[in-house]
Amino acid sequence: AKFAPAVIYDQAGKNDKSFNEAVYKDGVLPFTADTGVKVREFEPQNEAQMEQGLRRLAQRGNSPIIAVGFTYASPVEKVAKEFPDIQFAIIDSVIDLPNVQSIVFAEHEGSFLVGALAAMKSKTGAVGFIGGMDIPLIRKFACGYVQGAKYVNPSISVFENMTGTTPAAWGDPAKGAELAKAQFSKGADVVYAAAGGTGIGVYQAAKDEGKYAIGVDSNQNYMQPGTMLTSMTKKVGYASYQSWKEAQDGTWKGGLKVMNLAADGVDWALDQYNKDLITDDMKAKMDAIEADIKSGKIKVYDYMTSNSCDIQ
Amino acid sequence: MTDSLAIELRGIDKRFGEVHANKYIDLKVNKGTIHGIVGENGAGKSTLMSIIYGFYQADAGDILIDGQVVHIKGSQDAIDAGIGMVHQHFMLVDNFTVLENVMLGTEGGMMLRQGMSKARTELQRLATDYGLDIDPDAIVEELPVGLQQRVEILKALYRGAKVLILDEPTGVLTPQETEHLFKILASLKARGTTVILITHKLREIMAATDHVSVMRRGEMVAHVDTANTNREELAELMVGRKVRFKVEREAHAPGKALLSVKDVVVREGGVDRLKNISFEVREGEILGVAGVSGNGQSELLEALSGIRPINGGVIELNGHQITAEHHMDPYQIRGIGVGHVPEDRHKMGLINKFDAQEAFILGYHRKAEYNHTFLQNKNAILKDCQEKMDTWDVRPADPCLKTANFSGGNQQKLVIAREVEQDPDVLLVGQPTRGVDIGAIEFIHKRIIDMRNAGKAVLLVSVELDEIMSLADRIIVMFDGNIVGEISSDQADEKTLGLMMANCTPDHLQQAGGNA
Amino acid sequence: MLEFWFNWIILPLDSMLRLSTPLVLCALAGMFSERAGVVNIALEGMLLAAAFAAAAAAYVSGSAWIGMLAAIGATIALSMLHGFATITHRGNQIVSGMAINILVTGATVILGRYWFDQGGQTPNLQGDARFESINWWGAEKVMDIPIVGPIYGEVLSGHSIVLYLAFALVPLSWFILFRTRFGLRLRAVGENPAAVDTAGISVIKMRYLALVVCGILTGIAGSYLSTGGNVAQFIPNMSAGKGYIALAALIFGKWRPVPAMFGCFLFGLLEAYAIRLQGVEILGIGSIPVQFIEMVPYVLTVVLLAGFIGQSRAPKAVGIPYVKERE
Amino acid sequence: MSQQRIPAWINYAVIPVLNVLAAFLVSALVFIYIGVSPIDAAKVMWQGAFGYSEGWGYTLYYTTGFIFTGLAVAVAFSAQLFNIGGEGQAYLGGLGVTFVSLWFGNALPAIIMIPLVIIAAGVFGAGWAYIPAYLQAKRGSHIVITTIMFNLISNSLIGYILLQVLKPAASMASESAILPESSWIPRMHEVLSVVGIDVTPTPWNLSFVFALLCCVFVWLFLWHTRWGYEIRAYGANASASAYAGVSSVKIVLLAMILSGMLSGFFALNMISGDVHQLKLNYVAGFGFTGIAVALMGRNHPVGIVLASLLFGFLYQGGAELAFEFPGVDSKIIVVLQGLIILFSGALEYMFKPSVEKLYLSLTRSRSNNDEEAQNA
């Protein structure tokens, strides 16, 4: 197929301040800036338009088409079969087809890192996790986070809450704030939100109560400077950029692509907004942990392997 | 001359969409008189009065008050011009107290407190001046209709009405209450208030008014001095032909009991609406049930027709027993040969949205003759309805016309035709001629007598004593859920019945009622 | 024991006040509207619009109060639209409400994106663009006094002015409804508009006025959502069904201000507990799935409406357009 | 006196068209505000929905969904019941389809499976409507509020079932496994190719025909059977229907069960006909939009089909719009829908008086001319 890059976002839309936005800001924009090639974008309005949009992009000869998010698993599987000549990439899901690149991230490793940092920062010996919608992916975040926190402080308590079970859970900041406040009142002093727009309420609550919060997906440190301890960055934009670039250069391959810590797929963010919160000592410890994970000395358990957080 | 006119109308014209309700009407009402207005249903009386009161706006024409043209754009203008109106359907807020209803619109200040005490004293004064006693703190929906009407009158007087319009005020009253109302009107007149009185009852017109205007089909057809006319003439002016008032009813021996009621109790919300009622109706007999409305007659009809389950006692209908344990629904009851003409044709008898033919099978819609296996037999329904409309002279005889578009009298004919034509053995009839004009009344009465003569048992509930006395063979009177007496119709007169309806049963009659 | 008391009584009560504030305001708004005979399921959309307008205006002007004014302006405009459809043109009130709800869902995102280019969100509000929480005098010091201490210091103190305003509006609404001329006429117009008309009062004017009041109250509710509570910005769809819940609370409260407020408390408290019950092991059952906790308020609404609170009597003329003349 | 009558076509054609035009006009202003030419937008939408065979396919696919939810609302409404619960009932219908397909799909052939799936969709939808109906009939709870609550409850309930019961272990998304092929409702392009007509493959499937059959059924049922008669009688005047011996409890249950069944059928189009798996929140507002469809269609099956076509057009054209104008927020279609509901639902009478007056003055002047001509 000729090279005509495209992306289809999920229903949150490309300006969701989180996942989709990372694809847009760190993938689409720089790619166009660097190569001068425009990327066709589509934002579906409802469930039915997801598959339709994907098929439409394929029909028009776009390739590779990046589908943002695991909700595209079934549509991509179907449409990729219909268009074997078109290259597809899906983020956060694995589809076993020759013309599909499955890009998955080691969120458990990234979450392990921020969990460790949270435990180092916590004075109360209790930290919190607030998930968005209750799905395995988010449990994967939670599981990594718990492992990281316990790695630093085996006796730490970690409170876990999910915001809800419908997509509305990604956009309910008021509830996020209440959940955070509930965790603070139980003693937590650092909370990690993997909850999309709901996180905004979590950060606000942390700020209002003088506690710390950890952002997710993209670098959210700027949102509440002084409150944001760090962010677990998941470089979906970078991954998308790479995928298009490979296609342009003719090196694109289907199959699984794991974006782990070693592949620079996940990380923790350190910038001007949070540098005052991180002591040199903490930084040093974090570097060591990072190195251990990369080297395989620390093995972070992946929730997905058993669909449960079988640790200890 | 003009300065003696309280109200003058010149060329008032009003259309409601396709309906031309008032056609260029002229009317002069003298100050300090009682002016009657009569006319068939739908003649446009209420519309005309509502225009004076600013409830509707005329399409053309002038209203003059005290000789001045006034522009009445809303009820407030009418109130300011000294006009008060008691509407045919009361304009009261049911869950408000009397005081709140009276104050509404003339509260006298932003805060209610200020106005309240003033209103209370004013009510007191009106009560003593006109004999309009009432508890200002009573909740309106808990008051009997007669008192609700009194609230309406008080509302008008409280606002300083110099002209008081009453639209069919006596329909809901006992003879005594009616008499009392006319006394009040007389005392209003004596104090210089002008009264406009709308009623279907020509007897009342003759008794109470000074002048009468007659309307027919939206037009004003005559103005006469009451002293120079009589009932027959007025009736002829209204209908456009001669009307007979007397119903022929030859003597006739009743047969066995088709409907018998023993110790029936109906309870609602913890209150006994019917308290151990017993009576029977025999073949070829009309039993009249008299009483002020709200004393259990509606509940009685609903219990007999199966709309309401009973809580005690036994009803025997055409050989079938109904008890608290063994309820029959209205459809089953129709199935054992009972017809039911409901008291309120709008509320129960008809469905305004339906065509005449659809309304015509209401309650009989499951009968085999109107249905195929799954679908309705529309041809049969149409044919049957057309035939019955022709024989009953329902006008227009169009089975496809919406029921809402028939006049009151024709709607009533449609309902009675439906029930009678199914040839029931027992006919329950409620208010067969309420709000129906004289022409139609004559026709309907004759049909009810025909049923009796054909050997059917008829139970007739009506608030019109004239009607009961002229149709029924025997009369029972209800008060507060009890039967307070029975009287044969030759013995009955308005005075005796009126007293019984107020539960002041003359001694010699009480006995008879108990044994019936 | 003390800890239990603090975690399971004091803190949930504290949450309850915050969570029920928008509900209370919306329920009062609905009360004015429905008491005047206009069903208003547009509360949901109006709340969302208000939250958006408040955040947008507060961000641009830097003042939360200006945000509130803008919110009120927006909700009054929507109220008037609802009135225009249902009062002037006698349209179906439920349909008009639905239309407004749908319209607002789309319009807030479109405008938000067009103005701020943040995916429909408004920027985070800082400083005066947000209502800060007010700590009552001595709130810190009294915390150690048993029972009343935490109630004063934790539950009552430390909320934004909008919350206190909301609760002050409850008795005020009661007073307006039952002690003033406006209230008398308003109640009458929802029971029997013809009676009001014949008393020389314009039914249309009364209903529009009621909708104005309704607009003001939802405006305040919306500004609480985006500038006065937990969140300091607008997020698409942040009303999240609160308008509907407020209507349910209004029905529980039988269209009266104080009982309706308690209805809102019930929902607020349920939500507060739902948040805290997640992941808590309950003896013999294990932890309850979050989905079931989520359901509780809705199931409870259904159960309560099924007559266990006694039949509530709606204003008689509610939902029925006032038609004098058939056209 | 000549009484003027307003012919039906004014009410059933002119006014609805005016209402929709007004909605489009206002949306045009929104388009202009956000810097998109409304004319271009309209062209894209029209072209996308009707301009080529695939567009048609999608338009009719969406139309099918709206027919089901619109009919559902109309049936309940003929008994004066406002069923806002279409969303949840359709969701439950999807659950029914999924259960049945997963349980029996591998063992039974299509000829048995498809009727079974239809029954499951109907029964589950009807069951979810039954509870609010029962509560309304027996306990007087307000059906609007209960059905709204049932929508919310169904969200959580199915969320739980999807996550804990139906989700294949490997899958990340909350969705069921792909349903066995024997439970799939054939696509129209497959069906049509059998008879030699060639159309582009789209999700448009045989449930479209089933939806039209449902329209005929509803029309016959409501206007030509005694049960429909009772439903309409109850809806028009509850006390008169009690007088006629119609049990209000039975009618409320019957109307709501039918309504829920029709909502449940929604799953046939989307799940059995297209995506072949149950997904979280798959109904995506079709249930709510059904209210607008029913209102615009004046609660009559023919009107509902036309209104469904309009909304199908909006959905498909809207998708194309988002495709062609990536800068335009796709929520613009939501605004357009809101405006259409506003103008053709809530403001449906706005143009009526002026149109009628115009009509009357036109015809009157003509008849006056006739009279003058006669006099002359």
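Letters A, B, C and D mark the chains as written, and numbering starts fresh at 1 in each.
The working rule: a residue touches a chain if its C-beta (ideal position, glycine included) is under 8 Å from a C-beta of that chain, and two chains touch if they have at least 3 such contacts.
Note that the structure is a prediction, hence the values are computed from the model and not measured.
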Busiest interface, counted in C-beta pairs: C-D
Furthest chain, CA centroid comparison against chain A: B
For chain B paired with chain C, centre-to-centre distance based on mean C-alpha positions, whole Å: 46
Where chain B and chain D are represented by their mean Cα positions, the distance between them in whole Å: 45
Chain centre separation (chain A, chain C; CA means) in Å: 35
Multi-chain contact sites of chain D, meaning residues that touch two or more partners: 156, 159-160, 163, 329, 331, 333-334
For chain A, residues contacting two or more additional chains: 13, 134, 165
For chain B, residues contacting two or more additional chains: none
Every chain pair in contact, whichever chains are involved: A-C, A-D, B-C, B-D, C-D
Touch list for chain D against partner chain B, complex: 1, 3-5, 220, 224-226, 229-230, 232-233, 236-237, 239-247
Residue ranges of chain D in contact with chain C within the complex: 30, 33-34, 82, 84, 132, 135, 139-142, 144-146, 148-150, 152-153, 156-157, 159-160, 163-164, 288, 291-292, 295, 329, 331-339, 341-342, 345-350, 352-353, 356
Residues of chain C defined as touching chain D within the complex: 41, 81, 84-86, 89-96, 98-107, 109-110, 113-114, 120, 241, 244, 247-248, 251, 289, 291-292, 294-295, 298-299, 301-302, 305-307, 311, 327
Chain D - residues contacting chain A, complex: 58, 61-62, 155-156, 159-160, 163, 169, 171-175, 178, 203, 270, 274-275, 277, 279-282, 284-285, 315, 318-319, 322-323, 326, 329-331, 333-334
Of chain B, residues touching chain C in the complex: 16-17, 53-56, 74-80, 85, 87, 91-96, 100-101, 103-107, 109-113, 115, 155
